[in-house]
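Same chain, two partners: chain A is paired with chain B first, then with chain C.
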Partner chain A sequence: MSAPVIWIVLPFLAGTVILFIPNTRVASIVGGVVTALLALAALAIPIDTALLLGSVSFKISSTVQILGRSLLLSAADGPILAMIYGLATLWFFGTEAAGSSGRFVSLGLAIISLLVASIAVEPFLFAAPMLEMAALLVVPLLVSPQQKPGRGILRFIIYQTLAMPFILFSGWMLAGVEASPGDIGLTSQSGVMLGLGFAFLLAIFPLYNWIPMLAEEASPYVVGFLLWALPVFTVIFALGFLDHYAWIRTSPGLSNAIQFAGLFMVASGGIFAAFQRHLGRMMGYASIVETGLMILAMVVKSPLSVEITFMLLIPRGLELTVWALGISVIQKSAQPLRFSSIQGLARTYPIAVGALVLAHLSTIGFPLLAGFPARLVLWEELASQSLIYAFWILVGLFGLLTGAVRTLAVFVMAPEKTPWAWNESWAQSVMLGVGVIVLFAIGLFPQTMQPFLSSLPALFEHIGQ
Partner chain B sequence: MLVEITSWIAVAFILVAATTLLLSRDWRLSLGLLAAQYLAAFVLVLHHWPLGMATVKLVTGWMVTAAIGMTRLSISRDESGAESFWPRGQWFRISLAAIVALLVLVASTGIEEAIPGLGLPVVTGGLLLIGMGLIHLGITSQILQTILGLLTLLTGFEMLYAAVESSILVAGLLAVVDLGLALAGSYLLLADSATETEEEAA
Partner chain C sequence: MLILIPSLILFLTALTLIILHLARPAFRYGWMVAVGGTMLGILVVFFWQGRMPLNVSLHSWRSSTLYQEAISFHGDGLTWPFVLSLSALALTVLFTVAARSAFANPFAWAGTLSLIGLGLLAVTSANPLTLLLVWSAFDLAELLTLLRSVDGPSASERVVIAFSTRLAGIGLLLWANIVSISSGSTLEFTSFSPQAGLFLVAAAGLRLGVLPLHLPYPSESTLRRGFGTTLRLVSAASSLALLAHIPAESVNSSFTPFLLFLTTIAAIYAGWTWLRAPDELIGRPFWILGLASLAIASALGPNPTGAVAWGCALILVGGALFLASVQHVWLNRALLLGAWSLSSLPFSLTASAWGTGRYGIFLPFLIIAQALIVAGFVRHALRPGGRDSLDAQPDWTRNAYPAGIILLLLIQFLLGFFGWDGAQNLGYLPASIAASLLTFGLIWATPRLRLLNPVRAHWVKPASSWLDGLYRGLWGLYGLLGRLSQAVTATLEGASGIMWTLLFLALFISLMTQGAP
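Up next, the complex of A and B:
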């Protein structure tokens, strides 16, 4: 048995089997259990190390050969796999509570396994087609068979598809840059190609217009899943580029451009969020701000840059799960999710509203919540470089805070004698409750993330040096 | 010499097919032109890949065409005239295609010199498809046209990429991407037609 078979092939097969389970609850439980087991296995079973089980000795090898290339998941990948499958467990257990269909679990598992394959494939450049395949698999989740496809979904497909040629071609050009580092023309051309590829993949300004559109058109739970899964793996892919090609890290022009893009995303996303009147769009803009912060963390001139990036990745998954689940619960009584429809819902959906607002506040970096430690470190590191950078992050986060305050104000704007009621099901309450507890747990004890961060220097050994 | 002549015939074929695809409102003609584009691309990919691998591109392309065609066949709606600026846009589209063709003519020699070994017909054909695909994406909001634009663009890219990367895994992955794009497009076409049927019934 090899690691790629366990963490790529098995979940894909499990997803295929779950497709034939008609009951959403069963599909959700099976999917959640499968990912939970995979997460535990990633934490407990060391890759490429001989293990003794009774009298039987076995070893999980790290590599599988496919068509002359290899899929490699080393021991250092274990914590990342545990993090990814752990967060996927939350998403899949929440499927029924969110009112999503069973195929969310089956396609979700297939998407996660493709995305894991994207970090395992060697050479790592070939991750681009896998990211594209994962993006295409999201399409049936975003548009139900009875729903008219909107502009958001078409733009999503176009942008994700355009990213792949740019990245593949830039990868080929980068090999030339490695061979002749003095060729400035080739270096700048490959830099532009690579930049465009990642601009499409990570939805960098102004290419993020599909996010709010999609957040308005599609199921918030699916959009939340998409906004968690794709950027997380794209960031890991981008870290691979930064680690592999020294000139990208050392080129002042390129790293300034990346920082500028990140800052623009944080500031513009925050400012736009302040003016939103739709809960889905608000979540979309918050995810844009988070992606901006991740981009800034990747290129911040600090030995901690990789750790900060991953400290942002873990809470992002949690925040989006809780946020999307909260919106999905409310959605049953508020269609469309505009402020005019959600007025006063804090009295009828107190747990969902509370969880949603806390997830929003965590995205801003409120103290005691999961988003706080990473934002504090990032802000500190950026402020030591430039106070202007720190100021623009403040602007973005203040915009998000304005959005949170406006949302909260609308939620509590119930007529005076409206009685308090508890309309969430027990499953919804448990899922939201667990999510909020974990948000507080990470905020209060950020060292709980340490096991996931410990192997990062081995994975990205050149970044931050 | 014969190979060179065949290659340039394929490039001319691409120019005609891609331009007509840009103008065509009949889905049957559009899909025929898409299949023709794949055939021309196959001829050009043969410059760098062995016949067996190049055939993968052709077979995938025709499978893509068949998948979209079968989906479109099951939809009764007539899409012609749905684009608001048609037929006024006809000359506009021809002008855009001419601009792309001129730009490609100018750029392809430079690129061929910068990346020796690609071959001028391959560069010209690839860039033509990429340019026409981009125009397609820029001037339409219809699902079918968008998917055709993306497939045209990807065909152009794959032709150029085949000249620099001959990995079987990449060829396989790109084939899956093409098929996935066609299936995603077919799914969206069906969802779109289902809602329209419901609206008409209501």
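Up next, the complex of A and C:
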């Protein structure tokens, strides 16, 4: 048995089997259990180390060869796999509570396994097609066969598809750069190609307009899943590039451009969020701000940059799960998800509204919540470089805060004498409650993330040096 | 760990009350458990004397190299009076609740003790990180409590607006932290960067409603004497404690006179409205605003002991007044000790208020504000009858209730002489005498001048008209920016959006590559 088979092939097969389970609840439980087991296995079973089970000795090898390429998951990947499958567990257990179909679990598992393959494939440039395949698999989740795809979905798939040739082409050019590092023309051309590829993949300004559009026209739970999964793996892919090619890290022009792009995403995403009147779009803009923060973390001039990036990834998954689930619960009583439809819902859906608002506050970096420690560290590192950078982050987060306050105000402005009621189901309440508890737990005890962060320097050993 | 014990005792007592109430609803000694726990807490606070300064740091929070600061608490001669005042307030709330109709409510007692426990953590916070965490916990608790207690869209909206100003205060404190880091300073209050000091003042001022002038609390809240008073006073104390940490070099800024000007306006406005408020509970937000303004003025002096003195007066004098719900002639007269505590005369609680500060031309106006507040206090303390009487209460209530009020009066007296940096102080006699004379004048004139008579409750509005205009202007700017943002969004998301996007992208790349070789 090899690690890629366990964490890539098995979940893909499980997804295929779940496709044939008609009952959403069963599909949700099976999917959740599978990912939970995979997360536990990633934590408990060391890769490439001989294990003794009674009298039986076995070893999980790290590599498998497919079509002349290798899929490699080393021991250092264990915490990342645990984090990814742990967060996927939350998403899949929440499927029924969110009112999504069983197809979400099966396709979701397939998407996760393809994305894990994207971080395992060697040479790592082949991650681009994996990401593209994952993006294509998202489409059936976003739009049913009978439905006409909206403009947001079309833009999403156009931009994701445009990213692939840019990245593959830049990879071909990068080989030339390595061979002749003095060729400045080739270096800058490959830099632009690479930048464009990641700009499309990560939806960097102005290429992020598909996110709010999609958040308005598709299921919030699916959009939340998409906004969690794709950027997380793209960031890991981007870290691979940074780690492999020294000139990307050392080029001041490229580094400044990436930092500028990140700052622009944070500031513009926050400012746009301040004026939104749709819950889905608000979540979309918040995810744009978070992606901007992750981009800033990747290139911050600090030996801690990799750790800070991953510190941002874990809360992002949690926040989006809770946020998307909260919106999905409310959606049953509020269509469309505009402010005019949701006014006063805090009294009828107190748990969903509370969870949604807390998830929103966490993305702002409200102290006590999961987003705070990572933002504080990133902000401090950036401030020691430039107070201007720190100021633009403040602008973006202030915009998000304005959006959160407006959302909260609309939710609580119920007509007089409206009684408090509890309309969430037990499953919804438990899922939202667990999500909120974990948000607080990470915010109060950020050291709980330490096991996931400790092995990262081994994965990206050149970054931050 | 001694510094954390009073808070832990209060939290444990609150937890015990809840468990007892849920497990044994008929349990009759819950109130005694609450009182016993609180007394123990006060006893521990007295043990601090002789052991100060106290420090404790929870290093486990920064288990890696990622965090430059840890959650830390610090107790010294400036924090001790706050801790003592808050602990005494807890006991007074429990004693006085015995005389009210809604007595048997263990959840309210547990809530009171928890809030005061959080308040103790706030006033002993040693760095911005710790204070941020405690403020956030407090603000969330306040938001939930108020949202449960109000009804109607406009009242609920005001609660959210109050919460948003608190969040803005948290943001300013965070920004002060960032500014301090960018100038290479360490992250403890004791070594905070001077450049960041004014942000600390602004953060406290914003949370207290002084800078800019606004009422952070929804005045129509149904939370009245017991829990409401605790919530208001502890909330104010948690922000006021920050003022004791302002670095003296920070106030040598060119912004200081401007901030002092705004603070003086807020103090006079609050003092005037407090003097004319129909009763003490309606005037309560203005009491807090007025004394908080004086505390901020002291901090800008810079006079940290003065800021602490005003803060303790806010809790102790205000607590005694707002918790006194029963008609009792001698107690009403005893409450007048509060006027002494507010007078800044030698050996009073606020004797250090005007001592070392540099207030320039603002000092006379601040003294006027002080006189308005003291005159208002005397008027409310000597209010006419028409309330419940203690005569109908059981014996133990007739003893417990006055004991609670007298406790706060004793602590006011004690702090004038003992236990902290501002004790046994002669103060600045010209200022204190002027304030006292002006107070006597106002008390004499109140029944004689119609202008000084109390007004009807319904006109007591949260802000003055010119401020309304300012806020309307800001709202208009927000609307304008909103329309601009919608126009950009419509362009990028419209049918020609991809073309516009690619155009922006080309511009972006050309801008970025312009300076590259």
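Convention: the second predicted complex is superposed on the first by the 464 of 465 C-alpha atoms of A that agree within 3 Å, B and C clash if a C-alpha of one lies under 4 Å from a C-alpha of the other, contacts with A are read in each partner's own complex, and residues count from 1 in each chain.
Throughout what follows, a contact is a pair of C-beta atoms (placed from the backbone, for glycine too) under 8 Å apart; a residue touches a chain by one contact, two chains touch by 3 or more.
On a predicted model such as this, the values are computed, not experimentally measured, just so you know.
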| message | For A:133, using the defined touch cut-off, is the partner it touches chain B, chain C, both, or neither? Pick first, second, both or neither. | response | first
_Touch test for A:415: chain B only (first), chain C only (second), both, or neither?_
second
For this session: Classify the contacts of A:158 with the two partner chains as first (chain B alone), second (chain C alone), both, or neither.
Result: both
Q: Figure out whether A:272 sits in contact with chain B (first) or chain C (second), or with both, or with neither.
A: second
Per residue count on chain A, the busier partner among chain B and chain C is C
- Considering only touches as defined above, state whether A:206 meets chain B (first), chain C (second), both or neither. second
Partner chain(s) touched by A:184 [first = chain B, second = chain C, both, neither]:
second
So the chain A residues that chain B and chain C both touch are 151, 158
Within the complex, chain C is touched by chain A residues 151, 155, 158, 184, 188, 192, 195-196, 199, 205-207, 209, 212-213, 253, 256-257, 260-261, 271-272, 274-275, 304, 307-308, 311, 343-344, 346, 366-368, 373, 376-377, 379-380, 383-384, 386-387, 390, 394, 397-398, 401, 405, 408-409, 412-417, 420, 444-447, 450, 453
In the complex, chain B touches chain A at residues 137, 141, 143, 146, 150, 153-154, 157, 160-161, 164-165, 167-170, 172-174, 176-177, 180-181, 183-184, 187-188, 190-192, 194-196, 198
Contacts from chain C onto chain A in the complex sit at residues 60-68, 129, 132-133, 135-137, 140, 147-148, 151-154, 156-157, 159-161, 163-164, 167, 170-171, 174-175, 177-179, 181-182, 184, 481-482, 485-486, 488-489, 492-493, 497-498, 500-501, 504-505, 508-509, 512-513, 515-517
Within the complex, chain B is touched by chain A residues 66-69, 126, 129-130, 132-133, 136-137, 139-140, 143-149, 151, 153-154, 157-158, 161-162, 164-165, 168-169, 172
